[in-house]
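Once you scroll down, you'll see the structures, which are given as structure tokens.
Note that chain A is present in both complexes that follow, paired respectively with chain B and with chain C.
And now, the complex of A and B:
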């Protein structure tokens, strides 16, 4: 079982494929598209029409879900630029994994005063990840970007775990 | 081009409540509730099947609760769309009889008649419809009917059925807190983030909404299908019964007459305690005994009442915090707090919520009327009369399918905006296989046995091909009512696979609340259970893969021996149902042995075989 190739969310929104999208513009466009396509405002006359309206509306909601989150947006972009890139690049450098493990342990042990500086550190690592993904994509190094996205997963997980503790 | 449809103005909004029901209609820029001849908007959701043959609904029926406790049905919303097994504890506290019917669905037994909750709800809806028609002076055929946001698929479907039985076309099943938000932001001019806190007679819902220029977007929802004013009443009922017992009274709680009288007394006590510091109850049960044990005088202070209900109120606040977090917000980002439901009149509820959010709740709209008013606004939108408003709601519980070993793979996550869809690809495991079975689950837990099965789907008509070759794309689409639709297509041949849906009525329907609470409390246990399944699957695949690889690769005998030894060890662990950690260690040992072999023929063969295994 696997997820079938998803739609191009950028195309659904009529936007150029880009990692950096303006939040406000994106939201405005989502609201406009929803008004244009939601079944509530477009009660279809027959069943076939009804399904089409429903599907279009679902596409808009699903594309919005991907585009609004920078990491999901990045994953979608990488897959569009080079299908299968995320799957090809799953194997991470053992040295990185060792670091990730160490970070996870640090998060597990952290409490009190140790938490805020740790959070700042992980947030910085995530920012660096995103900047690296952007740079790799600018150089057309899609696989390298995909690898960095896999790595960022561990940083996001660490941040999540840290937040769950407080 | 056909001419535009004629606007149908008389689509009403109906709040079908646990305790009271009512209808409203859009009027100009606002909305108004539809009142009966006496000017009363609230119709008690009570039906009395009088011994003289009459069926009485509403206020008159409520008055008959005391004289005909076993023939007067209330709180039927608690039964709808559920199975008797789910209801066990609750049924015992009801003065009327609930029996198990077909497929373990509850039936209310009145004399020799067994009525479904849908049929009783339909009687309430008919009364609401008749009141609305009388107030409007015109027939009403279409309605938007509200349900708690946390109602699951079966409960929504049952509510729809009740509307149909009452002769109403249900244009939409609308979530109550969302409806209430519509009533507050009626002209859509007030942009911001609102928290709707809806504590009714039987259920609690909280929703976070974002309002932008007439678009009402639900960001998250959380709740408890079994928490409401009835539970506060029950605490007082217990208190009163304990006092009777202490006084050595012959009043028995198993007597429906006693229970009903005590319940009514508890409710009035609760209401008085919202405005008074203490309230005294003088109860005379008029028992057929001579000892006068039916008389009781009891004083309860507000402080005592508040101490009793505080844990329940805290549970609602936990839900509020979860909803805020799920919306991706901090609590200080909430601009408005909206109160809905009669139980929000309790001062402690308001105090605690205000302390948590740091904002005074809105009190502009009567909390008993807000839901119906909001429903009528959505009804007007669906009738095609108002194009300025748009409501974007979410699915309250995740949908997933059962995978190998009883785990649930979530396909559509809770709080996804609806409509939403997901296409997943499946294949066959056996040569010539022409059908595939899929089980759909709703809930947040990791394992199928802890979620609620919505139904089983059978994909038929798959062209006969070698195993793994067919590619069946299955699309799960959740429509604007929150109801799931499925379709499937074989992508190589383009053949549409037939789908047979077998709904899972009568199977265990864990309370949605329980599922949610469990998913938090048991997240760790679930994770471990899921991990154990995954490790087991992996170990089995490794054993099979390595055995295949051994046959393919020609290895020196000592290496063959080393590999076989590791395989045997792992097989032994599998046969002994070893723990995940031990299995993991066994897998690692096997990996080490195969990896250490200089000739990488075997490791590549293992990798290849493993990949084939995975694709099965």
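And now, the complex of A and C:
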């Protein structure tokens, strides 16, 4: 785990922990926070002050990176709600993995006209993953949400592989 | 990071790629994955009446080390007994393929796949015997 993930990015931004953040609000807050403690604008009086400003500015940037991406935001949220959840749930259902393997094969074989519908299907699977993560979190089922986040990796990778072909 | 010659060899010429009939009572199937990197490994064994592994196949979707680890595993499995197969350790795979520390998880995946395949076969054997005793 990187140091950035040890911090609560929601707290850095002064936001309630939630999977659904408004993009515009988030960006506005990022710009405001950045302005407030930009190392160039913020003339530090002494060295200690200067280091604090730099550190705060790094925290804001790290939190921004996590919060602006819904998937990273989801991972951070899961870990905050139940530390260790992602690690605990790594063992995925063999039936799901068998499907993931089949999908990978399908991606490897796909060409021409078969590519667009396949891309649509995988994109839909990724969307379904995110909707499921949201639903599990709403029910307080953090481990189930973590499992679905792991599952989404296979769909994302399949999509990347498909895009890499064209 | 450079791959060792053995990894490259297995990666370029993977042994025993394919599938066995997963519904065959003498076939054990193990499917395991490493979600961090999106790797999946399917390993299957076919066992005869004396408990000897007569065939082994794999399909792996992942990096070169994951493919090499499972390819090597199937080579070791063929012709050995189920009991001996259960003793295979990931460290042996690491040693044989000279895997670097960042790729050790690939060998762990292969060991997990072997164990899962054996468990599946044992479960099927138990079910078959129970059915025979009942029938």
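Heads up, the rule we're going with is that the second predicted complex is superposed on the first by the 161 of 166 C-alpha atoms of A that agree within 3 Å, B and C clash if a C-alpha of one lies under 4 Å from a C-alpha of the other, contacts with A are read in each partner's own complex, and residues count from 1 in each chain.
In this section, a residue touches a chain if its C-beta (ideal position, glycine included) is under 8 Å from a C-beta of that chain, and two chains touch if they have at least 3 such contacts.
Please read these numbers as outputs of a predicted model, since none were measured by experiment.
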Put the two structures on top of each other at chain A: do chain B and chain C fit, or clash? clash
Is A:35 touching anything from chain B or chain C once the two structures are fitted on A? First, second, both or neither. first
Which partner does A:62 reach: the first (chain B), the second (chain C), both, or neither? first
So in the superposed three-chain picture, is A:157 touching just chain B, just chain C, both, or none of them (first/second/both/neither)? second
A:54 in the overlay: touching chain B, chain C, both, or neither? Say first, second, both or neither. first
With both structures placed on chain A, which of the two partners, chain B or chain C, ends up touching more residues of chain A? B
By the touch definition at the top of the document, which applies to A:128: first (chain B), second (chain C), both, or neither? neither
Chain C clash site on chain B (candidates 225-233, 585-593 or 603-611): 585-593
For chain A, which residues are in contact with chain B within the complex? 1-4, 6, 27, 31, 34-35, 38-41, 43, 45, 54-55, 57-59, 61-62, 64-65
Sort out for me which residues of chain A touch chain C in the complex. 90-92, 94, 97-98, 100-101, 104-105, 150-151, 153-154, 156-157
Once bound in the complex, which stretches of chain C touch chain A? 29-36, 38, 40, 42, 59, 61, 116
Residues of chain B touching chain A in the complex: 2, 5, 212-213, 215, 381-382, 384, 387, 390-392, 403, 409, 416-427, 473, 477-480
